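Here come two complexes built around chain A, the first alongside chain B, the second alongside chain C.
Right after this comes the complex of A and B.
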């Protein structure tokens, strides 16, 4: 007769936490080991911030534009693009790990499947904090001003981490479903569309036509609004306003919940 | 080995045909360089429709009319990388060496590849013009304007394709050619492709002032907005032609260097 020893709940939690820590450290260590992979993730938001702020320097003169500094508008966009693509980048890593067989070895370990999602996600969030900090420092050096002070900075970090979590859940889910680089194209294209079909370039009150209709119902618009509450002019209705914050928080909560569920369910399907 | 011009021309036609068919047989390569510029044009027409009344903007009917030249240039710049990447792939998979072993004209190998991406550039320009026409984007310069913009598409693709061929011939790596793509992207954004230089300021304005892409785009823009003028024609055609002469010389030099190294 064989008996199966079920691990206690405490042991399971401890094992899950340990695995999350190990996988997060692996992800962070890769910044030093593979700087060529981290550099584009850092260069893209910086590039976006600089070229958008420079090219569209004059848009702030449109009546109703919420700030008179183009860098105040486009620095959050650069960070949010970096966060979104940094998040889905986790899907790229997962595809590589699946192709090299590393995921098969992970799945044979006696740990919860949830930790295989939360571990790399934690590492990604640390990377996003680093990227956000660097872009903010550079943005401030180039003339960005936080009209909302520390609270404004905090909102920008929350929005970046939230969007990265959504991107990571989406990227991991697609990676587990496709299991090869076909998934990478879907990840990039979908995030690209979601980001640009929002208030990425100009606020809702400035845009017209079909984009206004799409951007109004796009959750990314609310998240961008949250990111910018501490950077718009003091007299603007969005300036540190709860009305501008809660929509972003709800969008992050709902979208992150959905995409992480998609990732975990896809991982279980991978196990089958 | 000296070849008769007729023989070289025959090789050129055969290799041009091959490279042109290769581009059109790969919709995954063709699609993005047609779709993305049109997507950005559509996006801009909604996002920046109110910007056209800002000081520094020329008198235009819509942002779409303003951005037509930028859309053409953007598409052609991105599409022209594919020809050079294909040349690098030829080097990687040994087809280039087999051509060299055959009594094929050396310059036809290079110009054959460039012809494919240049024809694709002209076709892209034509597609953008035709797609935007129903949305009220009319080129004020008339038929001469339409033809000039299509020829500019051909010349720009030739110029950029030759420049990218230098990378392909030097490295023999398609990844290295694709890796230069961000440089084109940066050059495009640091120009007046999407907003007029008159609305920019500081360092950014100075970079856009020094960027030849600004003048190339503006030539096409004046043909679209104002009609025919000598300056507009020169900017539209002479700038990409001049760059093409320079980059072709560089590509031929790199081809000679590769041949000598064999």
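Right after this comes the complex of A and C.
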């Protein structure tokens, strides 16, 4: 006997939400159960912020540098580095799950493949919010000032979550393609290259030669600009205007779309 | 068979494979298998490591796309109707793929959500399954603290959360102690009595013999024998007389044994012959060996086993079969 079941749209949405919720819950629960995996991801952005701001404080003396506080420049960089690596970290988790066979268990269920990507991604984004909040609080305590107010803080969160989403899509896609730790090396290298071939260390207007050209077309530059918009460039009439943020939002939209598509397509290819 | 699906299903047999092939580069892991598992059967897939059992199961459970050929499980095509197949099967894979950081209950909860079981039924279903596999007391412990047997039982419970009509068990007792094996066997029999069709892969002869209504012997990606264990054993015919002699006398012992029947593949250091006439001729063989001045260190008459069937079909013994832990 066959029972044909045609669930309603509401039921499908509810089922998808539950799937995303429980997979996110698994990821968040592991902060407590596997702190050794979370705390380095929190320590790295704090370390980057303090070390870069302290070591390169003289960078603010460069003519045209958009802030007189080095921590205003390097706090967003620390957060963005943390967000990027936190995102690709999801790829590391996926590799572990593939190698232990746990991912097979997920793939053998009839739940949508998109949910299998969005669930863990949601958990990662919660971690990124926690990391961003902690680094901001610490950064402000160390002298960072949000001249752009609440809107500036919001832009930093959007940039961090956007970059984490891009990193997660990229990391998951690579994990599903390589299915072992070979993927991890590619994840790390690619994030380093994308971040350091951008305006991570200095603004575009003080860069020259090929580095300037690469950084100008690198989407990470626009996302970093969005992240810093509430902390730098106070004298600029475009400060916190639509002009200053649209490039970052478009970069996030396009890159997140591309990397998440890469992740879902790669997940389907696991069957090959 | 009560199958749940969103698309139309064909064929009533729970598992049907036709010319199923899977290549990994140049390696033919599964090389054109045809298979039908009937409703309510326990079907055993017997073969050594690397024979293609797990690859075949991965194709039948939608984890791996076949290179060619077709397969239908619960009436649905494993490639074109993969989600419908997934709704109707339960799978416990070889390595009990369980997140050690989660508790038994959390894993059941996760599995229930992934199968779309309503929240109001989830708790009761999880509790019932935990009780069924004897893990109620350990439900809130992290799985990392479970023994191998407990993990297997939890794996079985996870595969049953959505009440599947077809259950795949990939080497379910590998690495388990004899008591845990017996417990798992009993649970598989109970599930089968309740109407679940079971396909299990194993490299243990005893497991296939004890559990399976029918078996297929797979070697180098091909099914070399298929049928009821008793029927297959009958095809081998005569019992096997096994003897051990010193290495120096091996060739002359072979010559003597060949007079009493066909020599059969055996474990290294042992000689075997299919003894025509059975037990009544053992004394005659002993006299002939004695006359040839061959010192017999050990002699044993073995009734036909699935190992003999395997040896007869493939020309070699099932590697590791002798080392299977004894149970029952």
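Simple rule for what comes next: the second predicted complex is superposed on the first by the 258 of 272 C-alpha atoms of A that agree within 3 Å, B and C clash if a C-alpha of one lies under 4 Å from a C-alpha of the other, contacts with A are read in each partner's own complex, and residues count from 1 in each chain.
In this section, a contact is a pair of C-beta atoms (placed from the backbone, for glycine too) under 8 Å apart; a residue touches a chain by one contact, two chains touch by 3 or more.
Small disclaimer: the values here were computed from a predicted structure and weren't measured.
Chemist: Tell me which partner A:261 touches in the superposition: chain B (first), chain C (second), both or neither.
Modeler: It touches nothing on chain B or chain C.
Chemist: Examine A:54 and indicate which partner it touches, taking first as chain B and second as chain C; both and neither are also allowed.
Modeler: first
Chemist: Count the residues of chain A touched by chain B and by chain C, then name the partner with the higher count.
Modeler: The partner making contact with more of chain A's residues is C.
Chemist: In the overlaid three-chain picture, which partner chain does A:104 touch, first (chain B) or second (chain C), both, or neither?
Modeler: second
Chemist: Name the contact category of A:26: first (chain B only), second (chain C only), both, or neither.
Modeler: After superposition on chain A, A:26 lies in contact with chain C alone.
Chemist: Considering only the contact definition stated at the top, list the common interface residues of chain A for chain B and chain C.
Modeler: On chain A, the chain B and chain C contacts do not overlap at all.
Chemist: Can you list the residues on chain C that touch chain A in the complex?
Modeler: 1-6, 8-9, 61-65, 75, 83-84, 86-87, 89, 91, 93-95, 97-99, 101-102, 106, 109-111, 113-116, 119, 142, 158
Chemist: Within their complex, state which residues of chain A touch chain C.
Modeler: 1-7, 15, 18-19, 21-23, 26, 29-30, 33-34, 97, 100-111, 271-272
Chemist: For chain A, which residues are in contact with chain B within the complex?
Modeler: Answer in residue numbers: 47, 51, 54-59, 61-62, 196-197, 201-202, 206-212.
Chemist: Report the residues of chain B in contact with chain A in the complex, numbered from low to high.
Modeler: Contacts found on chain B: 39, 42-43, 45-51, 54-56, 182, 186, 189-190, 194-195, 199-201, 204.
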